[in-house]
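Below: one structure in structure tokens.
We call the chains A, B and C, going by the order they appear; numbering starts again at 1 in every chain.
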Amino acid sequence: MQKAMIERAKQLLADGTVKRVIGWKRGEFAYDITPAVFETADELDRDFVFDDFTAANVSKYLVKESRKEGKVLAFLKPCDTYSLNQLTKEHRVDRDNIYVIGVPGGPKLDIEKIKAKGITGITNVRNENYTIKVETIYGTEELPFYEAIMDKCASCKSKKHVTYDELMGEEGDVLDSNRFDMVEKLENMTSQERYDFWRSELSKCIRCNACRNVCPACTCENCVFDNPKSGIDNKAPADSFEENMFHIIRAFHVAGRCTDCGECSRVCPQHIPLHLLNRKFIKDINSLYGEYQAGADTTSKAPLNEYTTDDCEASIVHERGVE
Amino acid sequence: MLRISADKLDSLFEAIAAKQALYIPADREDGEAEYKKYVSGMKLTSRLNTLRSAKDFFFPQTEDIVEFRMDGKKIEVNDIRKECEDFVIFGVRACDARSFTILDKVYLVDPVDSFYKNRRDHGTVVTMACSRPAETCFCQTFGIDPTAPEGDCACWKAGNYYYFKANTEKGQVFIDSIAGLLEEGDTAELDSTVARTREIMKKLPLANLSTENFGGDKLNEYFNSDKWAELSESCLGCGTCTFVCPTCQCYDIKDFNTGNGIKRYRCWDSCMYSDFTKMAHGNPRLTQLERFRQRFMHKLVYFPANNNGEFGCVGCGRCLSKCPISMNIVKVMKALEDK
Amino acid sequence: MQVNDNKDFQPLIVAFCCNWCSYAGADLSGTNRLNYPTNVKIIRVPCSCRVNPMFILRAFQRGADGVILCGCHPGDCHYTSGNYFTRRRMTLLFSMLDFLGIERDRTRVEWVSAAEGAKFAATMNEFTEAVRKLGPNRRLEDLRCRKQ
């Protein structure tokens, strides 16, 4: 696939269809890829990579890239196309200036999961028929592919590209995923148990803002948490209240716009399952206001920008579930 | 050399913890390790190092400095600092141990940071030599020997024994306090373990990374390099690298309005943030490129320029593992060198 | 659910009231000499829709033990549709607070018209009592703001 992608990108660069290519660049090791913009065939040949570790969603970079002169070619996985659609709907990208090639999605590997098994000194990672062979300076280790996949891929919602100009590989379907299982499990706990769960998770937060900055739905020029005039700006979780507030507001601000791409949890250095907050909103929206998938199209109104006169009252929260 | 057999480690921890607070790197549920206050039965982690660096002990992420309380037209100013208790950090790696000497160069020079000094005075650092370095390790680039760590007292695990050696007076006091549990023993096994680790060090993927092209005199050479644009292009501007870094030492001082007064506190700042060093006239670094450059120039050029050539990095590899887009100091060094 | 045994506990209640209906309703309850607890501190807002989730959280941060949001009845919004958006927004926010383990009885939305002085007083009495039973807000408080 990688080879075909490089060839196609080179063609499109050569015939002038696009001026730049956004994709993933090879790193120092087998797994540390970086999203990057390529401008020449040489750069593509040397550094372009598409493999089991290219999990990063590059659609947010298109906010900046699509406003530059000349078209940009973007290789997008199915989940990334939802993000792009949402950005298009919100007029954050110039869709006409982007040439999208849909490429197959994951499951992608999570190097942290491999390392958590005590494997270290990693020099190479190979996928042989869904067995991962990890070569290290201490010898070779093996583990089943599915034990090391990204959490976001384990509950994949769709293999379908919702927007593209060209497709490489086969088109998939929207999946019947299990993505709300954990949310449901938490809903069925007591209020004290939920409180304890979230305290132990959110107290790990170091307020690095990676979850916010990577989020394709978070595109404010100046975030309220960075604005000294807002009265709530901070660079550190100075109190447990601030940890709660930051994560509630972060998730709330993208409620109805979050496509559930899972980047927030992927980048969290402390492994906080932040996507659960977003999924809680998605689940509530689905059950209270009708099924809605952000990014599935570019025309529908976001659930929080809309209403019906017979919506449920807020007291519904008091009436359902476990106290 | 003084040593203790591995099955007696628990009783050693108990003995230390009976006298003062003891912190050891222990496992977390998600497979990472972090420093935890020792309680009976707690085990040392098998992970090479903790997710967050050990600088937290001396330079915590947030710290209250002073408090103002308002009552009508009266303002009361309270010094809310607490005297720190004696504590021991056990199992600090050589990279993190070196980071303390780097922080000392910032906080213990005139004017001395009394908050930092208070903690430093009360903390005893017991380091642990490495025997299984990771691919992300490059401490040797900065002249650190992971088989002979600094710190008040160094500890080695070899075979079935933990060996101890004091590096400082404080370390000697520590060893004296646990002397009853230690025994004299020969070092044959230790020597072979160290030799084996040294061989492994040579095989690490980053073993050849060198600082010879960096230092205080390289300002003009690198500041306007056209590499920065490409390197910083995909930087998210998050603070992960700076917050997991053992040597990043920048902080901000903020006032929090509690509704009945003001709490003045300091917290870590990150040069990756848009309001870093923002002043009355605005922000001196307007683009992510400039902020990104600041971080690496500080570690590789500005810091050595002001500190007799010592670099502001210890090669612990945390930023290599944790950066969401895997851009890090190693990639920057290699790109800048590649002219 | 824990029940607070301390009968002397006086909760602090913040009530966001829309200018056109609920604030006038509070006025009416006053002119009718109806009693409602002094625990309730009213903040007047142009429309219930002006209240963004941060307002609710900030009230808790600064010491509120319960937060209630009052607006015009659905269909009666001075700005036609503001309170419909409020309704969706607060439903999701309260659900999230519940999800994080914050006691659900600390938050409420109530529609009170300018003519419903009695309803305003009754609502405030009832809500204050409900929060009093819960005890002080501990799960969503900012320790720095606690009055020592």
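Keep in mind that, in the parts below, a contact is a pair of C-beta atoms (placed from the backbone, for glycine too) under 8 Å apart; a residue touches a chain by one contact, two chains touch by 3 or more.
Which protein is which chain? UniProt says C = Coenzyme F420-reducing hydrogenase, delta subunit.
Just so it is clear, the model here is predicted, and its values are computed rather than measured.
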Could you name the chain whose Cα mean is nearest to the mean of all protein Cα atoms here? A
Please flag the chain sitting at the greatest distance from chain B, going by CA centroids. C
Dist(centroid_CA(chain B), centroid_CA(chain C)) in Å evaluates to 46
Quick check: how many Å separate the C-alpha centres of chain A and chain C? 36
Return the distance between the CA-based centres of chain A and chain B, expressed in whole Å. 30
Shared-interface residues of chain C (touching two or more other chains) are 142, 144
Multi-chain contacts in chain A: which residues touch at least two other chains? 238
Of all residues in chain B, which are in touch with two or more distinct other chains? 256
Listed in rising order, chain C residues that touch chain A in their complex are 1, 53-54, 57-58, 60-61, 74-75, 81, 84-85, 87-105, 107-109, 139-144
Using the touch rule from the top, collect the residues of chain A that touch chain B in their complex. 27-29, 32-37, 56, 61, 112-113, 115-118, 120-123, 136-138, 206-210, 212-214, 222, 226, 228, 231, 233-238, 266-267, 269-271
Touching residues on chain A, where the partner in the complex is chain C: 183, 186-187, 191-199, 224, 232, 238-242, 244-245, 248-249, 251-252, 255, 277, 280-281, 284-285, 288-289, 303-309, 311-318, 321, 323
List the residues on chain B that touch chain C in their complex, please. 256, 258-260, 263
Chain B residues touching chain A - in the complex, by the definition given at the top: 30-32, 46-48, 51-52, 61-62, 132-136, 200, 203-206, 230, 233-234, 236-240, 243-244, 252, 254, 256-257, 265, 267-270, 273-275, 278, 320-322, 324-328, 330-331, 334
